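Presented sequentially are two complexes of subunit A, the first with subunit B as partner and the second with subunit C.
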Partner chain A sequence: MENPKRYNIIPYLFIAPTFVLIFLFSYYAVYNAIELSFTDASIGFSKNFIGLANYKELLNNTVFWTSFKNQALITVTTVFNSIFFPLLAAELLFFVRRREVANVFKTLFVLPMLVPSIVTILTWRYLYNNDFGFNTLLISMGWGNLARNWLNDASVAIWAIIMVGFPFVSGLYFLIFHAGINSIGTDIFEAALIDGVNNLQMVTKIHLPNVVPYIKVVFTLALIGSLSGFGLVAATTGGGPGNNTMIPSMLMYKVAFGQGSFGYASAIGVVLLLIILTLTLLTRSVIFGREEAN
Partner chain B sequence: MAVRTGTTSTSTLGERIGSIFSQIMLIILMLLTFFPFVMLINMSLKANIRIKQAFFALPNPIKWANYTNALEFIKQPVLNSLFVCGVSLVLILIMVSMSGYAFGRMQFKGKEFLFTLLLAVLMIPYTLLIIPNYRIIARMGLLNNYLALILPYIGGQQIFGIVLARAYYASLPKDFFEAAKLDGADELQAYLRIALPLSFPTLITVGITVVVAMYNDYIWPTLVMTTNDKMKTFCQIVFNNAAGNGAPDLGLLAASFVLGTLPLLIITVPLLRYYTQGLLGGAIKG
Partner chain C sequence: MKTNRREFLKLSALATAGVLLAACTQSTSPTAAPKTDGDGSDAAPAGASPWDVNKKDKIVLSVINNYYTAGWKKMAADYMALHPETEVVVDVVADNDTYLQKMTTWLTGDDFSQSADIVHINFAASPVGGYQVMYQKDMIYDFRKMLDEPNPYNDNKKVRDCFTPEDLPLVTVAEGQYALPFDWVGIAIMYNKTLLDKEGIALPKTYEEFDAACAKLRKGGMAAPIAAASEAAWYISSFADAALRSREYDFLVQPEDGLWDEATMAANRDFVFDENDWTCDRYTVISGERVCMHKRETKLTDPTTVKIWEQFANIGKYFQENFTAASSMEIQSSFELSKAAFFMSGSWNVGVLNSDIKEMGDDGFEWGTMSFPPYANAPEGFQAGMRTLYVVGNTMGIIKSQGDGDHLERVKDFYKFCYNPKNAQDIFETTLNAGNYVQGPPSILGVKLSDELNQKLEGFVQKGAIKDAFGGIAGQDAYLAADKGVYVQNLNDLLAGKIDAKAFCENCSPIFMAQNDDIIEKNGYDLDPATADKAKE
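Let's turn to the complex of A and B:
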């Protein structure tokens, strides 16, 4: 409401660099990907329009369907883990009475966030190794028959991927929940204590209802995060053994830069985009509904 | 920040039990969280053969040579990463603060629409952009040029920061700016002299978030920095070397992981307090 009468070019100059890059690397890129998905483009620049052929081929590709089943499993478990464990830790932290102790815990939980994810992932890869790591532990406990090549065993590989990063506490989501619980206001806690609520009631009756907006945020972030990246799969199994841990984005990457089929790969990307848009909008309107103002 | 302060005088038995129980549970979670990293450090101090034969045993003798060799191995990649992150960071912060200020404090036509356009970018899966961005970069003739990393990083990483900065600038009291205007400051001066300095903590939060994300990236560099090994980034090198099976020297690799992690820790840990505050302050509700 500053001074609406005067036409002013300054705001546009302020946002111009941002939008130049967004238009090039996001909007033009999306347009380009959609366009490519209807062509037979390969790693060079020539391309021919081939209509829906890529999409038809995709629907007949069994690996594509497997990859979606895997993605569904990974996404559901990831979203659950991203909410449950960080929220659990934030709740536990709330009940730590000495503030200095609580702060030490908080800092320690933030630290692993600063370790490059590839380092964390590859460390887990070592632990999953056939010759040492978890297997050493199992053998020393007399459960050697459970030892296996975790990331190379079709029956467990996808679960091994899902478990990377256990107990999933560290980082941004934890901080978000921590903020959520502490934003409730001490007067409400004090009133509750005077009313004689116990710890469990404090969590279920007072915290959880107030933390719902933060759960929404984490839900959305974890959902999009899980659907849009493939760094974890690329650095653990690459989709293998066979195609047992393949996910659509990994498949896309392999089709694009392994086989050089940019057009076909783009079709996978477009399907992925549609799924993310649908899921994001669905969760906003259906699951969380109503009070979402912005 | 309203952190609960349980005064000892009013605490009940239930509270005390809750506190002890929570601490035990948190310690267990902490041990599980740090277990892989402890193992990594343990590995980094052992000879290859000892890692395979006695994985959990403490390093004895300690093989410091892993670290001297690792330093040689990753010095250049880490410097490359820091260079790319540094240049991108400065440009991102400039753009974040300008766009954040425009959206948070200025009035202009199409503001809501443009902001929605900005937010929509967050819904585009990273994967979808890989192919077109690769083609764009190739067309611009920027393959194997650091701009191939820097330009897309700025494009993608600025969004979250703008959302954060906008919320912060919008929250500043109007009086600050009206007083400045009375003193004859124009819009540009109001931004430079008042808003920008005040927003440093927010910009630190943004800075840490984007630096961690950029330093972490290994997929994109693997695609666009292919020819010259001397130009590759740390995470790219780690990914390329260890993604293939039969890694040559595990102790050396583990030591490289540890060393490559240190720059990020050294830069960010002193700023962590601002980071949590900035994040907890404006980010979530905005």
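Let's turn to the complex of A and C:
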């Protein structure tokens, strides 16, 4: 007679190594950051407890608030672009009747996934160069007056960053929506066709309600990715010109590794973490709350 | 039994042959007996290699990508062919930031045994807290011990014979000589001669002519006559140097100061800047505490500081927008595409620029370099001559990762292998042939670059170098990292003519002071130079 308790513990043993590593490299780091945020920890010096001083300084820091405004703009547009364009591509593909042609398009949409995102960003950086790229194109088309030093002109720099990756058909998000649309049962489509729905009604009445769970996934991934990532800004403008494209994670990086103030940088990190958590939970419950309830 | 005896005899014969071969290797090794006639601290017994040639060992040279990478790799291969018992690994690190992080990881703890043996010592010193701390920890080698040793790769001439006596102290602190000079780096203005000729502009000889040339080019439709990246900020230092060097003594450690050390600061005593000898302040030592006092007192809004920024704004208005964000490569392409007639840059770009323009064939152009031209009519309080950066460039030092002894001897021997006229020449040539850049004119005597390259480097060469502390005294890059955006925004506004120099100084004063307060706090300055200070722990 086997002891049933022994069987119960086995799944936990399998999951334990992963959990230990996640605890060490993720949760302990978060705990450490929270602890550091209440100190004046600085590289090369001993740390002292300073209470909420870092948070007070942060709230009075105008660059921090500017960075949040920039982040909000980047995040809203990124989330929109991450949902709208891949979903549009997936819908268009749905209506391509010939399977061979559809497969070719599917492959073409997914193929760019093989290119590391940093390569895409650096390519765009060159397209934005003052001396060639888009400017050459504009000048050759006789629209030289529209040419700009895109990443160094304060009035357009943030929009130039937002446009990186146009037409925004991310391979991953496209695949999620494609899978979502194709997972809708054929009986529903058949019933709709019998009812005489047109293509637009097919999209709005059949597809969209059924891909909401997928939109929710993409929404969450894009939101977190946009709030926590800083590669795009770091590789294009570094937060400049001035602080015109500064975002909180970039500011945190500069404070930590530029001036070695780990305590203050941790405070920025903690505030950023709280904002990401709150926004994620809020959006899931407010925007998708009704769907979940259903 | 018989078989066993035969096997035993075979093994004995092999062992004897092995010992004999090893002995031969030892006596015929090209490194055998590098005798020492210095203080004897590194002396090896005559007739024997200072390391065990029967023992394999590995030494590591860590370099930043493109800093003579191809040259170092060739040296490593050549050295290993001579000394198969020593493997030389060239660890190429992607960029300056990564290198600095690597140095921080290797050297900031008490155990630095994992460090590479030969490193860019200026990068290593920064995270550790300076050369003084490195010597206190017995972390780095003092090359003074090596200077009088013979270099077996240079006809056994003394190591010091490869350098001028004036250059060696430039890489020395009181505690020791932390490197040997390899080359020079400088800042100068590269110009497109073909373009200037076409526009009927003569090569500017004065600052005023330079200004007029840029104005004419802009009037002719060139949006940014000067291609400038962050290196161009050195010109703030040049203006500051011209404005402040006549009162340099105010910023030096003075005999009544707590920090005074006669042995290392004798040049400071009663110092007066001599305009006829720009090298006169080569060995003077700036007092960080006095600089901080000056900044706190003036808040960097004083008339001299404002005037320095006025001068920079006057020339900086010809730069492209947001110049500090441009990479050297980006503005180099502007210059190569003739979108800019002048290119403010470092000597490290000359090699690549030269080969690029040659490759352009018929689309190429004639170009040259010129130093920052002097004022014909200097503003009140300014000296006419413009000093710029011209300092020892590539400073490779030795980390004593394995302490003294066998390993260190191998590292020193490889260093000597590279630091002699023949092989240093090879490093320069291999680097250039590989399309990498050389940093500037060589400082090892006997190393010759091509006439063509020497001509291109002429504009960089100057007697004496700018005292770079002056830039900081005027506020150049005097901000905490997180405040960079505020500084750059104001700088961009200044160069675009949206604000004047006075407004710039007033807007930036809070961030300048924040950095100053940070320096004061970390160094424990009590703002009384007469008393000793205790740095924050």
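Operating definition for what follows: the second predicted complex is superposed on the first by the 278 of 294 C-alpha atoms of A that agree within 3 Å, B and C clash if a C-alpha of one lies under 4 Å from a C-alpha of the other, contacts with A are read in each partner's own complex, and residues count from 1 in each chain.
In this section, contacts are C-beta pairs under 8 Å (C-beta built on N, C-alpha and C of every residue); 3 or more make two chains touch, one makes a residue touch a chain.
Computed from a predicted model, the values in this text were never measured in an experiment.
Asker: With both structures superposed, pick whichever of subunit B and subunit C touches the larger number of subunit A residues.
Answerer: B
Asker: Determine, under the contact definition given at the top, whether A:G240 touches first (subunit B), second (subunit C), both, or neither.
Answerer: second
Asker: Could you look at A:D131 and tell me whether it touches subunit B, subunit C, both or neither (first, second, both, neither)?
Answerer: Both: A:D131 reaches subunit B and subunit C.
Asker: So in the superposed three-chain picture, is A:M141 touching just subunit B, just subunit C, both, or none of them (first/second/both/neither)?
Answerer: Touch status of A:M141: no partner.
Asker: Shared contact residues on subunit A for subunit B and subunit C?
Answerer: Touching subunit B in the first complex and subunit C in the second, residues 45, 131-132, 238, 257 of subunit A appear in both lists.
Asker: Which subunit C residues qualify as touching subunit A in the complex?
Answerer: 108, 127, 129, 320-322, 324-326, 330, 333-334, 337, 339, 480-486, 488-490, 492, 518, 522, 536-537
Asker: Quick one: in the complex, what on subunit A touches subunit C?
Answerer: For this pair, the touching residues of subunit A are 42-46, 63, 129-132, 149, 151-154, 237-244, 246, 251, 254-255, 257-259, 261.
Asker: Note which residues of subunit A are touching subunit B in the complex, please.
Answerer: Subunit A reaches subunit B through residues 1-4, 8, 10-12, 14-15, 17-19, 21-22, 24-30, 32-33, 36, 45, 85, 88-89, 92-99, 101-102, 105-120, 122-127, 131-133, 136-137, 140, 166-167, 169-170, 172, 175-176, 178-180, 182-183, 185-186, 189, 193, 198-199, 213-214, 217, 224, 227-231, 234-235, 238, 248-249, 252-253, 256-257, 262, 265-266, 269-270, 272-273, 276-277, 280.
Asker: Under the touch definition given earlier, write down the residues of subunit B that touch subunit A in their complex.
Answerer: 1-6, 10-11, 14-16, 18-19, 21-23, 25-26, 29-30, 32-34, 36-37, 39-40, 43, 51-52, 55-56, 94-95, 98-99, 101-103, 105-108, 111, 114, 117-118, 121-133, 135-136, 139, 151-152, 154-156, 158-159, 162, 177, 187-188, 212, 215-216, 218-219, 223, 234-235, 238-239, 242-243, 250, 253-254, 257, 260-261, 264-265, 268-269, 272, 275-276, 279-280, 284-285
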